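Input: structures, listed below.
You will see subunit A twice below: alongside subunit B first, and alongside subunit C after that.
And now, the complex of A and B:
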């Protein structure tokens, strides 16, 4: 059957605004769900999506994407790849699926809010496809790890993580609830589509897919590529919203939303991406450091996109650049030391050659982060593995929910930034997390970190065993252990290595 | 005996830590409690020839060490107060 060219009917099909007669417009589009900025509806009707697609085209393309991803998986199932994969690489998959799979369902709800409550018809149209995208991403990222549960029970966290109170889950959920789940449609598009997807995940997935292919995992590489192609489309929802807000005198509000969301997601993103890139992939598989990746694919591109739409770099840009040098190194150390609290098996992965690589990529690494590992390596080489398992609790940030850490060794950078609010003392890892709290204390003040829950009686009795049980460790699966059984320490037996001398 | 949860910054440690201390602890005991989960685990003593001292954390690190025999109760520490543990 002959079809009209899309360009001949598209403008009519997306003109779906009408004048409500049974309810007031404020009831049809409640400001707290729709547009708290008070921008006239006629302005929203100028929203012009940069990526146009019809439903028929969307379904055809998505069907092909799904067929491709599932057929690659089916074809490679017999290869025994996962049975023989490096345990540290499997940890990346466990961490990824646990953190991401159900987050996609959350993103689906966010897009659903835009689909229902956006005043811009074209935005509603794009968000409908975005909603279907995220539904697909949730399903496919639950289906793929499901087959691996029989291989290793830790893969069960793909489905379970978001239903637990594991500290890492709380960190991810707190950030995602903030930027995706609890905002009006317009702010969500700034925070999710522009700051999160355009700024970080869209390009992150390109790197992740390439790394998976380097490791020979073409099933996962293909899966991520398939998802990324959707992200690249619906991430563009945010840009026209920014343009409309700036045109209507809401530049400061748009800037703040971007600044909050970019930082919030960055703090989690650095753990998911930076740690595997710089510590878990074998040296011969690394083509760049996390820092190089961030500068090449995120900083340059995101900064240009911000300036292109008329915004500026976030006010904390210098702190952000410093965080790229620091944050994931500290958390690799902390997660490894508190490894029984997570659902994957992190590797220390720090033989002499790996240290040389880190020193080259991050000058000064040995004198700061390296000092931490000197103690651990000394304990392992002298028969004290029990001394490598952390005792006690780290202080946790009341915003990002991540342990408050910084460079140690020859420097003393770890510092807690506090805020007293309504008689309660809040602790933050950086001035930026404290600033986020200050933007809207009412939004954040009632949330409790794992440490808060110890002291308010929610974790009772507050024993080490009960804390682990509370977090799901030993319940969903056993907690983490060193992925390589400390084999990486054997490199120091080689004469001439720094730690051997 | 009443205890207080302090947030400890041990010199050269990468982590900050939550440390329960008793109201009757002296500052030397506070320092030992703060060092216990860190030194030998993930960091070393900043200078073993010198005693660890305790001061309230300030933005510019200008705080003065509290007397070694002073108790937690006398110092008036409150829940989640930050302290530096360091050598002079």
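And now, the complex of A and C:
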């Protein structure tokens, strides 16, 4: 039987608003869940999604996507790829699945909130598909690593990470809870669909796929681009929200929501994506540097979309460009030094050739970040590996929950930005994280960082062993160690290398 | 597919990012056919192919059907549309990527 063209019935099918007679509209759509901006319902009814899909089409297409992802996995399972993979590459997968899999379930709830509470009927329709998308992403990214748990217990963090108090989990969850879980339907859409999914997910889910394919891991490369094809669709929920807000005099509010969310997600994703791309992939497998991917997907593509929908670059854009040169380098050094706290095995990965590559991609790397590694390399080459393991706790940012750090060596830029609020002193890594706090102190003021928990007695006794246990290290699996057993320092034995003298 | 990249990228490029494979090859051909007046820039990154042109691009269902030699629902492109630059418009008979502002 011939089907009607979608465009002939679509408008009727998505017009599902009604006039409530048993309850007040404010009970049906409470402002703090639906729309704190007070935009009239008739305005929300003009919501016209640019990326249209019917349920029938959705189910067909999603079935095809899943069939593709699962059949590639099944076909390649016999290749014993993971049994023979570079341990630093496996660390990337452990970090990815631990950070992402259950975040997708969280995103499912965010879309469910839009599905229930949005006053725009078309948005409810699209968010229903978004909700199903995120459910798929949660399930598939638990299923794929599940077979790897028998290979290496650290893969169990795919399922466990979000249930622990590991510092990396706290950082990720703090950011995601802020942008996805604790906002009204409209702000969630601005923060999640636009700031997060239109921007930074592309670097992880598309950019990283090119590197993964170079490593020969077509299962993962295929999986993440398949997931991103869902994101490309439901990310479009945000665009009409921005249009309607601008038209109704709420441009500043929309801009602020995007500025907050973009920064919060950036601070976390720089670790997730930036560190593996620039340090963990073998040199010959690197497609491009993290910075180059950021330029392609964020500075060029996302910034252009932001301007096109009528908004501006975030006010901190210059600071953000500087952070692309800095943040993940600092955190690579920090995470490697505190490696027993994490659920993956990071590699130092810094032989002479890798340093040349970093210097070429990030001019000045040797004179700044490199100085920290000079000491580490010297200790490793002279039989003092115990001196490369950090003792004590770093200062942690009260916003991003990440150790406060910046360039060292010839440019000592690390400093703490503080704010006194209701008798408590808060520490921040940058003026931007402090600005986020200032936008809504009430939202953020009661949260305790992992270091706060040490001082307020929550981690008791505050011994090194107990801190690790509190974070799940040694509980869910063994904590991290250098992925290559320090083999990468052997490159300096070669005559003529910088650190060889 | 070979990469053809201009020295400086215009600020007004828009178009699809396709997952590398059979559909990407067909779609690149269709896009070149459907946008005869445009200089289409194709960057092949193996797992994804960035296809863009100044001011954006259109791809038509009819052209895809001719190239593939079988019926094609426009929605099928979603399986391989991993992202895009610019804004998007979808229809049963075409997909279009465009920009509102000319910078």
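Basically, the second predicted complex is superposed on the first by the 498 of 501 C-alpha atoms of A that agree within 3 Å, B and C clash if a C-alpha of one lies under 4 Å from a C-alpha of the other, contacts with A are read in each partner's own complex, and residues count from 1 in each chain.
We adopt the following convention: a residue touches a chain if its C-beta (ideal position, glycine included) is under 8 Å from a C-beta of that chain, and two chains touch if they have at least 3 such contacts.
Given the structure is predicted, the values throughout are model-derived calculations rather than measurements.
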When subunit B and subunit C are modelled together on subunit A, clash or fit: fit
From subunit A, separation angle of subunit B and subunit C (C-alpha centres, steps of 10 degrees): 140
Touched partner set for A:210, first subunit B, second subunit C, both or neither: second
Which superposed partner A:395 touches (first subunit B, second subunit C, both, neither): first
Partner chain(s) touched by A:301 [first = subunit B, second = subunit C, both, neither]: second
Touching partner for A:439 - first (subunit B), second (subunit C), both, neither: neither
First (subunit B), second (subunit C), both or neither touched by A:61: second
Contacts of A:53 with subunit B and subunit C, given as first, second, both or neither: second
Touching partner for A:26 - first (subunit B), second (subunit C), both, neither: neither
Least Cα gap, in Å, left between subunit B and subunit C after the two complexes are fitted on chain A: 35
Set of subunit A residues, in rising order, touched by both subunit B and subunit C: none
Contact set on subunit B toward subunit A in their complex: 5, 7, 9, 11-19, 36-37, 40-44, 57, 78-82, 86
Complex interface listing, subunit A residues touching subunit B: 330, 333-334, 337, 369, 371-372, 375-376, 379, 387-388, 390-395, 403-412, 414-416, 418, 425, 427, 451, 454-455
Parts of subunit A lying in touch with subunit C, wherever the complex brings them together: 5-7, 50-53, 57, 60-61, 64-65, 68, 202, 205-206, 209-210, 212-214, 221-222, 225-226, 228-229, 231-233, 236, 239, 287, 297, 300-301, 304-305, 307-309
Footprint of subunit A on subunit C - complex, ascending: 9, 11, 17, 19, 45-48, 73, 75-76, 78-92, 99-101, 103
